[in-house]
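Okay, got some structures for you below.
Each of the next two complexes has chain A plus one more chain, namely chain B in the first and chain C in the second.
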Partner chain A sequence: MAAIHFGYTISKPRAIDLDRNNLRKSDEILREMPELQTCIGCGSCTAVCTAGNLTEFNFRKVHTLVRRGEYQGAYEEMNKCMLCGKCRLVCPRGINTRGVVLLIKRKLGDF
Partner chain B sequence: MNFFVPFCIPFIVGAVAMFITLAWKWGLWLYRLPRADKKRIVCGLPTRATLDAAGEVVCESLLHRRIFRVNPLLGYMHMSLAFGWFLLIAVGWAETIAYVGFRWVPLQGHVFFRYFATGLPHKPVFAFIMDLLLLFVLSGVALAWGKRFFSKRMGMRRTTRHVLGDRIALSALWFIFPARLIAESTTCALYEGGGFLTGTIGAWMGEHISTMTLLTLESVAWWFYSSCLGIFFVALPFSRYMHIFTEIPLIFLRRYRLRSDEKESSYDRFQVDACSRCGICIDPCQLQSVLGVDNVQSVYFLRDRRYGMLRAEVADNCLLCGRCAQRCPVQIDLNTLRINSRDRLHNIPAERRYDYLKGVDRSSGTGKVGYFAGCMTLLTPRTLVAMERIFHAAGEEVWWADRDGSVCCGRPLKLAGETDAACKMREYNTELFRKHGITTLVTSCPICLKVFREDYALDGIEVLHHSQYIFRLIQSGRLAIERGAGQFTYHDPCELGRGSGIYDEPRAVIEAIGLLLEPVDTRENALCCGSSVANTAITDGQQLQIARSVTAELEATGAGTIVTACPLCKKALGRGAVHAEVRDLSEIVADAVSK
Partner chain C sequence: MKRVIIIGGGPAGMQTALCLVRRGIEPVIVECENELGGKLRNWHVLFPTFTPASDVLTELRRKVRENRIGVHLSTSVETFTDRQATLSDGRVLTCDAVVVATGFTLFDARIKEEYGYGIYDKVITSADLERLFNEGRVVQAAGEHPRRIAFLHCVGSRDEKVCQQHCSRVCCVTGVKQAIEMRRLFPEADVFNFYMDIRMFGPGYEELYREAQQRYGIHFVRGRISEAAPTHDNRLQIKAEDTLTGRPLRMSVDLLVLLVGMRANDQNAAWAADNGLNQAPSGFLQPKDLFLGNVRSGVEGIFYAGTVTAPKTIGETVNEATAAADAVADYLTTKA
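Our next item is the complex of A and B:
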């Protein structure tokens, strides 16, 4: 059966074992930016993202993975951000998203 | 005549130490200037710029004209200390010449002349002038004392909190002139002479104090005076008072067209050390007045940077609205210094960043006029629709650069200190504009406007903000507007007003549509909406707090509609407004277009 292509795909199912991941960096990030814990994962940030419009960059995905201790590739992904700040304007929880990008880059520069 | 006694030693040591430190600092900074800057200095030396700079030095370093504009009493305080002390030195030299003729007199001979001149015939005119000048300076010192307790009287709600080194130098400075008064008076008490001030006090002392006590007092007083001078001179190059001497070369270098840039350079040292920490920048800062954040203002930023203790929290917590720079009496380029500090703290090499930009072009339409809405405008679709109606009504053929997604202009990256990455954005967009052969570039976002004008190489392409573009359409008759009964107030976006100097066009457009009511703080003094992309430190709640304070002022004009010309300001004010409607300039124009 020919599937209809809507222009997006579903992420592959995966399991993250929080007991095995090292959450030290994640804790540091949340300590400096506690408001990130209020994220409801609505994805508005990703929907309006200037960089996300042109590439695979997905802010919600990256910061969610970082909070779960999955740091691999997060720095490189965050470097795709142009810091334009649209995400901050649409965030329903008023999270300082640009600050989050800069913070994650600062904390995970060597991962 | 021998011009040396032991009490001169502290003064001589201090003065020598100061001049050596000054020469070393200036020499190093000048030596480290980039080659292009050195060339500018050499080329500028024989021109008018040198004369203009000398004039500015008199007006600013001595008379402090710009501080008078902030507050006359504050201006008088600074002038009496600077100009008064200068005159004391200059007239003192003339006095020495009048007494001993044209012969070489060592430095301490001029400074402590009253001590050495006891055996010479009395010259009442000089005594009078010198006393008058001393009184002039003392009045400044008294005001400086008073400012500690009654700063509001002098136009300052808050004054600078000083570090220990500054306090030492400050105390020494405050004691110098009272010490001089006592020292000269005791000498007058013993040997007569002196003017209306030192002479009178001296005569009174002579009557009431025994000669033996006076002799001891004289020695102590002159030692104290000399020590105060010595301490002040030693502390000067390492304290805020370095500004006294640094402002002078800064004025010259600025006239020779040296400028700070997004990367730190040696010229910045002249700017940083020229800050006198007067604290005039504290009051206009909205982070201070609305949020109570009181350690990030330009005065503290420059201080921390100068002493090498700048932290990212201080450098990043600034709206870069430019309200402080607008008031700075030394006219330090505060925003650029803040940006290049951020560059040093945060810039990362960007050779391989944004490789995904290759071959992206989602523009549509053809035309010599390009319209770059800007990221933020894409979030305010009403502006976009209004612009479309305006273009249509004016019959303009437009190339839409970014209606279906685009690349950011690069200014947010630059403001965050990632200047190398911002370069990539510039390269991409410049290439895009060139490819489509536009001759005019219109943007609705003042942030984009500023970066297009200042950092892009867009020769042959005229960059306009939509307010300017609409104003031209109306003026040339291409856009017919119907005037209505609406009452508007206008909020100057920082990047458009102070940033790009565009104040009149948006106002002219509004006045063509309805009645314009000005808020209390307007034009150069306009408030910032609080949502500036330059600040990555404050929270959403704090942004909202600032927005509310700004809209309260705008709503106080009684206007039913707050008009602004920046999508970011529109978003911010929209959140803060209680009963007024917040609209972009293009929206009210689109509504007023004659059908």
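Our next item is the complex of A and C:
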């Protein structure tokens, strides 16, 4: 019997569930670049980001999501980065942010 | 010899007494507990240096003993004026000035029912954790191999819902310190600190915060936990918003530590009314002014030292006690 379509869909849960997320990649990333953990979420990187000013790309948000084990779409997002390095010039924690872009792409390339 | 009654025998009261003795004034400490030390007695180590609280306490108590300072233990002050105090045992002590060094009250975490303190044994306060460290019983509370431990900042501070609008100042750095201690004790556990703002105002605090992030891998999530609920396997599920990603977040933890704030003593209101002292909106006693009159009450002969006027660190409290003794000595000289 064909399913009747009532016009409703089931929304995907939006919550980040750390019990379900697999944090292995995120742990690997933080082990290779512990400095990423010092991010204080100031948003300077995103403010100066050339890519972020032209597209939806938000470097701060993407790397924070990756640290929570939310990898979906992160690789594609990081592809918007043109590696100009402006973010690294401003990060008050001295994080090698461009290195973070490259590391996340390397780790999540096969995701 | 001039005599000064010091109400409260914590770090502020003891230091005030020691400084008064050096100036040839006779201090008398009235302490409601059965020993000197105040809240510091239950503390394990102090931020940001991990100095044992007992080091500070032992030193202060030793000096009080050596100087033969008069101490009334297990006695509280019922009422006082600048010239006398009526004690709980009915005695009346006369004096030439009074220093109020009665400190603060720890926020009762049960009031924030949504976190389940006093209901779930996996929820403890920062003060409980210090005590557990002292008693060597942290493993008992957290389990042998906790996988995840969460700290929640601002419990009973910066919260209109519990009538505590002020920031307690010391809990952020305490949270960072305790998170590091937990990581040292349980290297396999992930530690998460949930905060609204991180306030690292003191020397070495920001450095400690950064060390907690980089060296100890502690996760800081900007967002306030909305509730804690038990799971079927006797852990706790907590919910918050990870505001920096704009997404709700949940996880189960083996221990939730509530960083409880410092609130004003209930006693302050009655004493303020008796003596015409001012209370700040937070309920703490309000000094004469915040720049040149920090330890003065605005009423002749009544002075303040330590956290009775606002949340402070141990170092600040001890410094302020020194300043209070100085102000008392000035007052007694000009009056003589």
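As a convention for this text, the second predicted complex is superposed on the first by the 97 of 111 C-alpha atoms of A that agree within 3 Å, B and C clash if a C-alpha of one lies under 4 Å from a C-alpha of the other, contacts with A are read in each partner's own complex, and residues count from 1 in each chain.
Here is the rule we use: a residue touches a chain if its C-beta (ideal position, glycine included) is under 8 Å from a C-beta of that chain, and two chains touch if they have at least 3 such contacts.
None of the values given here were measured: they were computed from a predicted structure.
**Student:** Contacts for A:Asn79 in the overlay, against chain B (first) and chain C (second): which applies, first, second, both or neither?
**Tutor:** first
**Student:** Pick one for A:Asp19: touches chain B only (first), chain C only (second), both, or neither.
**Tutor:** After superposition on chain A, A:Asp19 lies in contact with chain C alone.
**Student:** Contacts for A:Asn96 in the overlay, against chain B (first) and chain C (second): which applies, first, second, both or neither?
**Tutor:** Touch partner of A:Asn96: chain B, not chain C.
**Student:** Report for A:Glu35: first if it touches chain B alone, second if chain C alone, otherwise both or neither.
**Tutor:** In the superposition, A:Glu35 contacts both chain B and chain C.
**Student:** Which partner does A:Arg68 reach: the first (chain B), the second (chain C), both, or neither?
**Tutor:** A:Arg68 sits against chain C, while chain B stays out of touch.
**Student:** Just checking: does A:Arg60 make contact with chain B only, chain C only, both, or neither of them? Give me first, second, both or neither.
**Tutor:** After superposing on A, A:Arg60 lies in contact with chain C but is clear of chain B.
**Student:** Output the chain A positions appearing in both contact lists, the one against chain B and the one against chain C.
**Tutor:** Shared contact residues on chain A (touching chain B in one complex, chain C in the other): 35.
**Student:** Given the complex with chain B, which residues does chain A contribute to the contact?
**Tutor:** Residues 35, 48, 50, 53-55, 79-80, 82-86, 88-91, 94-96, 98-99, 102, 105, 109 of chain A touch chain B in their complex.
**Student:** Can you check the complex and tell me which residues of chain A touch chain C?
**Tutor:** 14-19, 30, 34-35, 37-38, 40-41, 60-61, 64-65, 67-68, 70, 93
**Student:** So in the complex, the part of chain C that touches chain A is made up of which residues?
**Tutor:** Residues of chain C touching chain A: 148, 198, 210, 213-215, 217-220, 222, 239, 242, 244-252.
**Student:** Which residues of chain B touch chain A in their complex?
**Tutor:** For chain B paired with chain A, touching residues are 346, 348, 353-354, 356-357, 360, 375-376, 378-379, 405-408, 410, 412-413, 416, 418, 421, 425, 531, 533, 536-541, 544, 568, 571.
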